Amino acid sequence: MIVEGSYPLPGSPDVIWDLLMDPDVLAKVMPGTKALSRTAPDRYEGTMGVGIGPITAAEFELTITLTDLQRPASYTMQIDGKGRFGFTRGTANVELASEGVGTVMRYRADLQVGGKIAGLGQRLLDSVSRMLTRQGLDALNRELTARLT
Amino acid sequence: MKPPPFEYYRPSSLEGALTLLAEREEAKPLAGGQSLIPAMNFRLAAPAMLVDLNDLGELAGITAAGAGIRIGAMTRHSAVERDRRIAERAPLLWETMPHIAHPQIRNRGTVGGSLAHADPAAELPAVMVAVEATVLLRSTRGERRVPAAEFFTGLFRTALLPGELVTAIEIPPLPPRTGWAFEEFARRHGDYALVGVAVLVTLDGGGRCERARIALLSVGDGPVLATRAMGTLQDSDLDASVIREAAERGARDDIEPPSDIHASEAYRRQLTRVLTRRALTRAVARAREASR
Amino acid sequence: MAATRAARLRHPYRDLGGLRVNGQHTIGVMVNGTRYERSVEPRLLLSDFLRHELGLTGTRVGCEHGVCGACTVLLDDKAVRSCLMFAVQADGRELRTVEALGDSDQLHPLQQAFHETHALQCGFCTPGFLMTLIPFLQEHPDPSEPEIREALSGNLCRCTGYANIVAAVRRYAEKSGTRELRS
Amino acid sequence: MTAGPYFGMRIPRLEDAQLLTGRARFVDDVDLPGLLHVAFLRSDEAHGRLRGIDAGAARARPGVVAVYTALDLGDYWRPGPLLVPPPPIPGLVFHTATQVPLVRDKVRHAGEPLAMVVAESRYLAEDALEDIAVDLEPLPAVTELEAALEPGAPLVHEQFGTNLAAHVHQVKGDYASARSKAHALIARRFHYDRGAAAALENRGVVAQWDVRAEELTIWDTTQAPIPIRNGMAELLGLRESQVRVIAPFIGGGFGPKIMMFYPEEVLVPWAAIRLGRPVKWIEDRRENFYATTQERSQIHDAELAVARDGTIIGVKDRFLHDTGAYDPYGLTVPINTQCTLLGPYVVPHYDSEFTAVFTNKPIVTPVRGAGRQHGVFVMERLLDLAARELEIDRVEIRRRNYIQPDQFPYDHQILFQDFRPLIYDSGDYPAALDKAVELIGYERFVGVEQPRLRREGKHVGVGVVSYIEGTGVGPYEGARVTVEPSGTVRLATGVGTQGQGHFTTFAQVVADVLGVEVGQVRVSTGDTREFNWGTGTFASRGAVVAGSACHAAAVKVREKVLGLAAPLLGVAPNDLVLAGGRVHRRGSPDQGITLGELARKANPLRGAVTPGTEPGLEATAYFGPDRGNAASGVHAMVVEVDPETAAVAIKRYVVVHDCGTVINPMVVEAQVQGGVAHGIGNAFYEQLIFDANGQLQNASFMDYLLPTALDVPTVEMAHVVSPSPLNPLGAKGVGEAGAIPTGAAFAQAVEDALAGTGIEITEMPLSPGRLFELLQAAQGGVG
């Protein structure tokens, strides 16, 4: 599953970069993430609960590892989530480019899903990933706006 | 495929149900259960506590509401499809009912449950948006009335607040000179539709389009009101070319349909184009019939 | 209903009335004219209750997510999927299963029609078809083929290709037409 | 009950009453005191290295009796046997890799079992699954057939150094030189994907160890109880006589209910012995999509060489076959494809080569049709394309290439899956075609109806295709017929049944030989206690092979009846008649004796008998055919396509079928109708969709679509009867026939309906979404 797009954000790439490295902010960008902590300079661990309609118990153990860090231009996230519902894992590339007074964030995630999510959830996967992406980006935008004002 | 354990409550009054829902955050209402119980059997849903609404006779039943109609939240689909007053007063809804799943599911599934569940592929949310129904909500804090178009807020999301239940739905009377049509395309009869469309068209005295409502299902996070397509029809003479243009507009500009194993985004746009055209054509013919 | 009422008294939810179960609960159900009382966990599916608690194994389980129709039973005379209900929800209600139709010596006329038209092969889905058809035929004593097919569309059969099931329904309808004329 | 003779009659089935009243016993209906319940923890990953399993919390959960992993099995852990070894084809390569009971070191497909939980209820067992922690290192999965064979592809089985599971090349004539004489060469790539058997009853096993009797009883949803009994005895170190396998009523099989062994079949009896309590496992529908074998993709690169008049010069085919993660069933499916491709046609030169490929997907074994569909699709499509190119009518090109009725036995000069040469026993293909063309009204449809409807804007099309089904293969089946003093005739066979009506058709065969009412014959099948020898119900062989054995046993009993009655009645044996449950002097029905009475006399309690006398009216007989039969037929269908929505409606469906002599036309026709339904599913509704990581994307009946009553028309049917010379009944098999040519007929009909769009259908299954894409590609958009 490929999730990609771009999103305009206020602030410079440097400001956004710092925010994105902050586990509290990262947790907000990944909707449903609870208690994300930085266990190494480039590694975050926590749990993520995704509730879509009647599906209430989708809790994942989440590990995010950052690689190819090119501050403030780009980095790659290795995402690894496992839970009773199966797994999701893959890589997400994030690029930050200044544009005018702000920054354009380009993202492209290539995610695998497995287990019950893959076998039973296909009807909703596309909509859910779009929704989560939108929620995450909106959250990032709010966070930025709050910090910049 | 056995459900996980839960605490079970079956209150005998609406007040009791609302109190439970207010006091227990983890309480999940159980109406017909035709979506919730499969999810529990797959262990995709594990509610800690179910509040079974099936003893709440006060929430079931169909009554006249002025010239319109009021359907209690716990009214079964099968009761709606068998009620002559629905056929007369809410013909779009009546035409839609046989498309919902299968008789065994309709004997158990409820109108309120379907709305509260807000599945983007469900028929009833789109129909309620098309007919501009009002959703009645109750909690221990009191009652609210929410227009259907505002009730559906996203993917399986509604305007329901914690502790709140859908108690009824009110459908306004069909305006004069109005035609209706429901169309959907499913892989098999009764399956989740790949695309569906519910249409109401009202003519003015001169036979032009006074008002058109087009609500689509399975092409977004919830029911989608095809406002651009509706705009194309507004004040037009509703001839075949306008209908074609509106359908094209709706398929192109009103939706961002998902892709899945049954239908790609492009296929959903094509189905939207064709079904909207066919539904409008039928609805306009009925409106003209009603204007004679 | 006495036991159920007593149970309710044992589990009052404050003064709100109704039923509250956390653990096992005794329910009273009328099945095929016999009253059964059993202690069940709330999560026990009605299909499992009928099959394994009451031994009424004619109700079959094919998917447990409400698609195949093999578990169809009558709840207060309406066809429902017994895999999509909890047994506790049937408390105080009336159920009918395939065992309520005929027995081997005296088949129900619909069963007889199935037999005569070879409308079953492995027979696993058959009770679900029968229980779907009983109320349908009450409402539609003389159904057309499209009506029959639509009524059956919520029941899956992998063996027959449905043709003989449709034929059985027609045969039953025609014969009951004759039966009514005679009576 | 009507009186005989019953052979060839439409006898309503004897087994119906039990099934209709819900009193028939299926495996999940077995209830025993102290019964324990099993749930399996299955891998979410399609490919991964198992580093460890922590089941501590699960074992501690109240209600849990045991949790087993591969390590707990000790010496009992071993891969399953190779159920069907490859046939002796020169140059054949075959890598054996069979399934294991529980994963020990490597997961090779999603759904492979990792741990087994035994608990007081299935609910509790499933609760405990959530307590188990698995440490599994994911590995890249291999799913695409061509990619799997690339150097550097991840390996499903490292020991082979390749994902090639098998390679087989069979040749007849000399295609390469014949090709140069062709007027036209039609070459295409074809994809044919298949799906799940999806019997309404999932699999299940119940096992009980009787400590006092030292006997193990296993209730199993198997199509082959005797091989399972023999295998289980060997695995568990028991004598065969200590193990009883009962395949009670089976809720549909369609192929996958014959395997040796499914992991659960091995583990449940083992646990029952170990725990000293009866144990039950019932597969649920989600498990069924991973744990029960399936059928899947083949990719064919095929070429047809034809003369100007449409005569086939030769066919060359190279294909890849997905065998899934293991290949316990050998090469049955791809060899069926290879052989069935030739169809009813004279193909002077044939060069067919296939490669079976391991992938990280569930195991592939036969599903109704068992690879035959794939071959028929390729051949029939090639003929359609050739007809178009040569401007010959589709029906005519088939007619011109048929093997003629006087050419039997017809030797195709290659080996079939039963290790025997592919020789057709009998048939009349032109007669079947003529009947089908007449029934569907082909000439009128093409000449009048279709143009008229097209003018009205309706897109209708017709498809007419032929096929052969190799059926009734060996090795053998047996039967025992016993006349009881009550007059009831007991008939026991070891074949197993899955709903095909064996209880009735076998009874019909026996009733006629013994002159009894069909209802007097009680058939017992599927219980190893009742009959000790047999193989199973597969390859449309029940009626042919077991039916012939029933006949032979009945004939032997008849001889005994005559031998015993002749001196008793004082007449020569050939002056006796068996009728109405009695044996009597010809022409004098009152001078006779009932078979029951005779049975009593055949078991004297006092007095002397001649040395060598066998007591009772009982006989056992076996039948093993020299080779399989060739059943055949023609399918024709009319479809209407809505090119705007890509919806397809099947308006009419005609089958003309030749399964030799018919024992019970009602049963045969119903088998065909059911097969067609399965075929329609395969053509337009059903497909197991895997992603590139080996994840099944439609693992439920919500997304895996079985056709419903609204999707399957009532088939109009006619028979052609070419009795088989290979068995005394003249019968050929029928169980799979309906499902085999449906895809080919569907493709032709849809293409015909959309003539003018330029669409060419070279893949199965279709779906509306896929048809929409093909239409878009063909004409740059529709609507």
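Observations on the structure shown:
All chains are identified by letter, namely A, B, C and D, in their written order; residue positions are counted from 1 within each chain.
Keep in mind that, in the parts below, a residue touches a chain if its C-beta (ideal position, glycine included) is under 8 Å from a C-beta of that chain, and two chains touch if they have at least 3 such contacts.
Please read these numbers as outputs of a predicted model, since none were measured by experiment.
Note on interfaces A-B and B-C: more C-beta pairs are in contact across B-C. Our note on geometry: chain C versus chain D, Cα centroid distance of 31 Å, whole angstroms.
For this pair, chain B with chain C, the centres built from the Cα atoms lie 29 Å apart. Chain geometry summary: the mean Cα position of chain A and that of chain C are 48 Å apart.
Counting partners per residue, chain D has 123, 130, 284-286, 697-698, 700, 702-703, 708, 710 as the residues that reach two or more other chains. Counting partner chains per residue, chain C shows two or more touched chains at residues 41, 43, 64-65, 150, 153-154.
Those residues of chain B in touch with two or more other chains are numbered 1-5, 42-43, 188-190, 192, 261-262. Of all possible chain pairs, the ones that touch are A-B, A-D, B-C, B-D, C-D.
Interface of chain B with chain A (complex): residues 4, 28, 35-36, 39, 42-47, 117-121, 154-156, 192, 220-221, 258-262.
Touching chain C in their complex are the following residues of chain D: 12-13, 15-26, 28-29, 31, 123, 197-202, 249-252, 254, 284-285, 498-501, 666-667, 670-671, 673-678, 700-702, 706, 708-710, 712-715, 738.
In the complex of the two chains, the chain B residues touching chain C come out as 1-13, 15-16, 19-20, 33-34, 37-38, 40-42, 50, 52, 54-55, 78, 98, 101-105, 107-108, 188-190. On the chain C side of its complex with chain B, the touching residues are 13-14, 16-22, 25, 41-43, 45, 48, 64-66, 69, 72, 75, 78-81, 83-86, 88-89, 132, 136, 150-151, 153-154. Contact residues of chain B toward chain D in the complex are 1-5, 42-43, 185, 187-192, 194, 261-264, 266-267, 270-271, 273-275.
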